[in-house]
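Okay, got some structures for you below.
Two complexes are shown next, each including chain A; its partner changes from chain B in the first to chain C in the second.
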Partner chain A sequence: MTPALSALTLTLAALRVVATTPEYGAIATAVGGDKTTVVTLAKPTEDPHFVDAKPSHIVTLNRADVLIEGGAELEVGWLPPLLEGARNAKIAAGAPGHIRASEGIQLLDVPAVLDRSQGDVHAAGNPHFMMDPQNARLVAQHLADAFCRLDAGGCAGYKANLTSFQGKLDAKMADWAAAFAPFKGTPIVTYHPTWRYFAQRFGLVSELYLEPKPGIPPSPPHLAAVMQTMNEKKVRIVLVEPFQSRKTAEAVASRTGATVVDVCQFPGGLPGTQNDYIALLDADVKAIAAGLGAAK
Partner chain B sequence: MRSLLLVALALPACLAHAQETPAPPPTPEPAPPAPSSPAPITIASGGAGKNYLNISVDGLIAVGASTEPDVEGLEVGGHDPAQRGFTLQNLELVFDGAVDPYFKGQANVILQITPDGETNVELEEAFATTTSIPHNFQFKVGQYLTEFGRINPTHPHSWDFVDQPLVSGKMFGGDGLRSVGVRVSWLMPTPFYSEILVAALNAKGETATSFGSVFGESQFGYPINPEDVKSFGDMLYVPRYNASFDIGDTQTLVVGASAAFGPNGTGPGADTTIGGLDVFWKWKSARADKGFPFVKIQAEGMARKYEAADFPGFTTFHDHGAYLQTVWGIKPMWTVGARYDTVGGDIGIDPTDPRFQPRERTSLEGTWYPTEYSKLRLQYAYDGRTGSPNASSVWLQFEFLLGAHAAHKF
Partner chain C sequence: MELFTLWLWPLLALILLPGLLVYFGLHVVERGIIFVDLALAQIAALGICVAIALGAHPGHDALPWVLSVVFTLLGAGLFAWTRFNHPRVPQESIIGIIYVVSAAAATLVLSHTAEGDEALKNLLVGNVLLVTKGEVLRTFGLFAVIGTVHMLLRKRFLLVTFHEQEAKSQGVALRLWDFLFYATFGLTVVSFVQITGVYLVFSYLIVPAVCGALLSARIRTRLVIGWLVALAAGVSGLLLSVKLETLDLPTGPTIVCCFGALLIGCAAVMLVQRGRKSDGTTGRSRIA
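Up next is the complex of A and B:
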């Protein structure tokens, strides 16, 4: 959406919501319904750690009633200068309109020691918690509470939307769990530790990464070690996201008899998942389960 | 409990003794959401916002050689390579954080080792910015790099080249235009990004070279003896306007116009005016990995009108300069870039002062970033000078960044 158009539509709704990344935008849309307009800053296909702090984002944030961020340092490289430029007290740190989605979520991989020789570790823990649909369920609840506080008049609507979203999610949860039932304890390879929460939820094991350390690009010796482990443990799929190097994933897969599976952590990053968290998870589950099934 | 542990571990003194404890086992069901009370006021940058103050240390080291033996005379920046061999360009200590719900604060202290081995300490910046003034206003107060154009407000470690553009050195001296003062900015209610900034600053000192400057210096051959402030007219005023437009989903354009008005130190009533235009364009792939690939182009031009006091009356000099640079982020962590610099205009009454001689320079660079916290850059530059021999220079630059460093503006 162009800034001009978004500024225009932003003025018509009860709550103008800005989400840092598309999964929060999708859930805000599901909970907010027609009482909110939602603008997302990061593109679903780009690396969320390195979004440009573009001036147009400052304008978007300046006119927002609500900001939803992960709050686990994923956006630390670009959100602070945007907020400083936006000079909007409604979404300043600590304001009721500033929602940190990670609040109340049990984060994995919290480092015992902050040491960048271990790669780009996040002090708060692994920020990719939204890949567990149960965490998305909690965030939806969190958003509904926040929207109710900010727009009491729309509260009944937000609660109804929340119930509807959680109902759909719960129904899908059963399907997704069933899809992974045959694959309990199956190891997978991913590029970055993005799928730790997803794997934990569905009984997969995500401990092998193409990156030698978080945020450090794959190196030949590390890939050789990964391939050896893949052969030993019979790992059959390599997950890759739109912005990650498919070439590296293909090279590893072709030498180990594994399959590359295209997945994404953000709605809109896969066909037919635009602004729809449940559709995204559904596409990811189907792709991964199909990859595991074909490899059996 | 775990947050308390993290706070303790964040203290360097404790780090040395910290035992590596395994992360607690993940609970199968996530905890219910915390009561949605407002979070404490923190700056969300590093340390998961668990510190009141972010601290970072940035080291910038260059090694190389030039056909010109007087490297300090060749390079125009105070933090550029200063000699053949090694130069510690700067060691920047940055402290920043939220002061209270109304202000953010930041201080940048620079340490530098001169060619004589002396360590210089420089208070580069120390300022507070308001966070909650209504109607889209924002105030900044203290000592800071003035928002004139694109290069001046930035620090050497964020530049795309080893050294500063020639035009910055000509107009603002080796350390940029910065002074103690106050700046107000207004984000305008337009559909696109549009901001007006106006600063009022002290006009004297070695970081206001085109203006009051320092006793004993000279400009256009005229000796400097700055006056004390007698009225509002004796301050330095720096207005700026900048606007930005997104072109589709992947391109961004930023345009700006700046000016600086103030008295200069050649005598009573003598004024300097500098005007500048700048443009920045960037393309970034919609599937960017670590922000790559991208292409960016930046250009900036300035013109100066300098009235030198000639008793009685004034002699007016005009000079100008510009640079055009482009950087291509080829693939994650690799860039190549090229820059063309030119300066020219009136020389003044001292033909031996190299600062006022016309000059052109072409620079080529290639950079590898092992991570976003370190970089290794190789740069070649060819200088075409008037009144001095042409020069070829090769520099290898290394940067390391420790701690929680505030993210840079676009």
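Up next is the complex of A and C:
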């Protein structure tokens, strides 16, 4: 559903929920069920650091009861001006309807010194924590609690939906861990430090990035250094997302004999994963495990 | 009504701010320096990039703002100095060179900092939907000052742009007046770009001035036509983008396309005018 169309139908549900990025939208849909209407601002194929404001974004935020954002500065470049434009006290910073998904999550890569010379680092830590399914489990719990506070009448339904979502996730978790069991300690290359949490969960090593520093486009000397390390450590796959430069990934892969694997951190960014977090993780796990398996 | 709550400040920005741009547009079109606004915006961007490379943070420190103004003034000096009427080198080519070199220099300066891309993007790609009350009022204040200066000294500014030879023979200090023109113009463009982005600045400068030039030879009439065209394009673009909810059109590009439609309308009116009086009152501009 497009944001504009859904803004019109929003009025019928108990809670009108807006999510900044699609993975929060997908989990909010799973937990909220038919009691909520969920609209996502960023498209799954859009870089979440940069989202272009459209009139519908402001209208949607203006009519919302709940806003879910990552809260670890991922959306810091575009959400605050949108919120200011939306003039909605229910979801203003600090209001009960403003949910920060990162609360209660242990973030990786929290910088010891805050200095932009280290690249586009986020002061709060690496904001891509949703790539660890255990964090998604916590966020689902967090959303169910928040929905219960805002809509006591629907609470039993939210709790039932939460149990069902967590059950499915736990069942899949075992499959995913099994898929990566043969690859413990295998290094991977990614474009941006998006896959740190995922790698930590499944025993991979994600320490090599095509970007020299987060947010800085690859430079020839940096890529040369990455390729040398890839040859030394026998790194066999390069992960790339829809909004990142596949050309760069292909150039590096072809010179090192590695394979480019298409992945995405957002539901809807890969075929058949629309608004479904578990389907997305499943697709990512299968793609990465297949890439590692083929390279063996 | 949402138009006056959610969209009040964008609407006011589109009503209050373009007037000065339209006036500068008359000068720019007459001088044939169509891309000078892009070059000045890029020079200001280079100033901000240098400030970032020196460790300043845009939004917190004053240095980026100071350097963007200093660079804009340097650019103004450069443009005033290069109006030399070389028989084989048009000034537009110098403008193009300044644009591309400052864009490349900005990339070099920023190649080791992370904020670079964001800062450049913020400077050149404003979004009128997100404009705040403070930005509108501050920019309007600056435009009021620049507008007053130009109103008081309009004879000189118009003479230097529209009758260069006459100005020379009167012994007017061309370089000085050109510098003043480019300096005030640069400050206007640089503040407007941050609100609306490059596409809209370009449209507001050029389209109303061209519409005016198509329909009249008198400066004053052109200015009035330009203002009406700018107002119509801005307000109708904003209305189309916020009212056609199912299409969800981004506002800036919608306004630019409204400008395109209005220009076609003006051209049609001109053809009708021509058909009516074929005695040919076209020709060069006259100061009203």
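In this text, the second predicted complex is superposed on the first by the 292 of 296 C-alpha atoms of A that agree within 3 Å, B and C clash if a C-alpha of one lies under 4 Å from a C-alpha of the other, contacts with A are read in each partner's own complex, and residues count from 1 in each chain.
The criterion applied here is as follows: a contact is a pair of C-beta atoms (placed from the backbone, for glycine too) under 8 Å apart; a residue touches a chain by one contact, two chains touch by 3 or more.
Quantities reported herein were computed from a predicted structural model and do not represent experimental measurements.
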Combined model on chain A: chain C and chain B, fit or clash: clash
Partner chain in contact with A:N62 - chain B first, chain C second, else both or neither: both
Partner chain(s) touched by A:P81 [first = chain B, second = chain C, both, neither]: both
Which superposed partner A:A124 touches (first chain B, second chain C, both, neither): first
Which superposed partner A:G215 touches (first chain B, second chain C, both, neither): both
First (chain B), second (chain C), both or neither touched by A:G167: neither
Which of chain B and chain C A:Q200 touches, first, second, both or neither: first
Chain B versus chain C, judged by how many residues of chain A each one touches: B
First, second, both or neither for A:K54, with chain B first and chain C second: both
Which of chain B and chain C A:V110 touches, first, second, both or neither: first
Listed stretches 2-10, 20-28, 38-46 or 272-280 of chain B, narrowed to the one that overlaps chain C: 272-280
Footprint overlap on chain A, where chain B in one structure and chain C in the other make contact: 2-4, 7-8, 50, 52-56, 58-59, 62, 77, 81, 84-87, 116, 120, 215-217
In the complex, chain B residues that touch chain A: 2, 6, 9-10, 15, 18, 20-24, 26-27, 29-34, 36, 38-50, 98, 101, 104, 129-134, 136-138, 187, 191-193, 195, 242, 244-246, 249, 252, 254, 282, 284-291, 332-333, 371-373, 406-410
Of chain C, residues touching chain A in the complex: 2, 5-7, 57, 111-118, 121, 127, 129-130, 132, 241-242, 245-251
Partner chain B, residues of chain A touching it in the complex: 2-4, 7-8, 43, 45-47, 49-50, 52-56, 58-59, 62, 69, 71-73, 75-81, 84-87, 89, 92-96, 98-100, 103-106, 108-114, 116, 120, 122-124, 132, 134-135, 138-139, 141-142, 145-146, 149, 200, 215-217, 242-245
Chain C partner contacts - residues on chain A that touch it in the complex: 2-5, 7-8, 50, 52-56, 58-59, 62, 77, 81-82, 84-87, 116-121, 213-217, 219
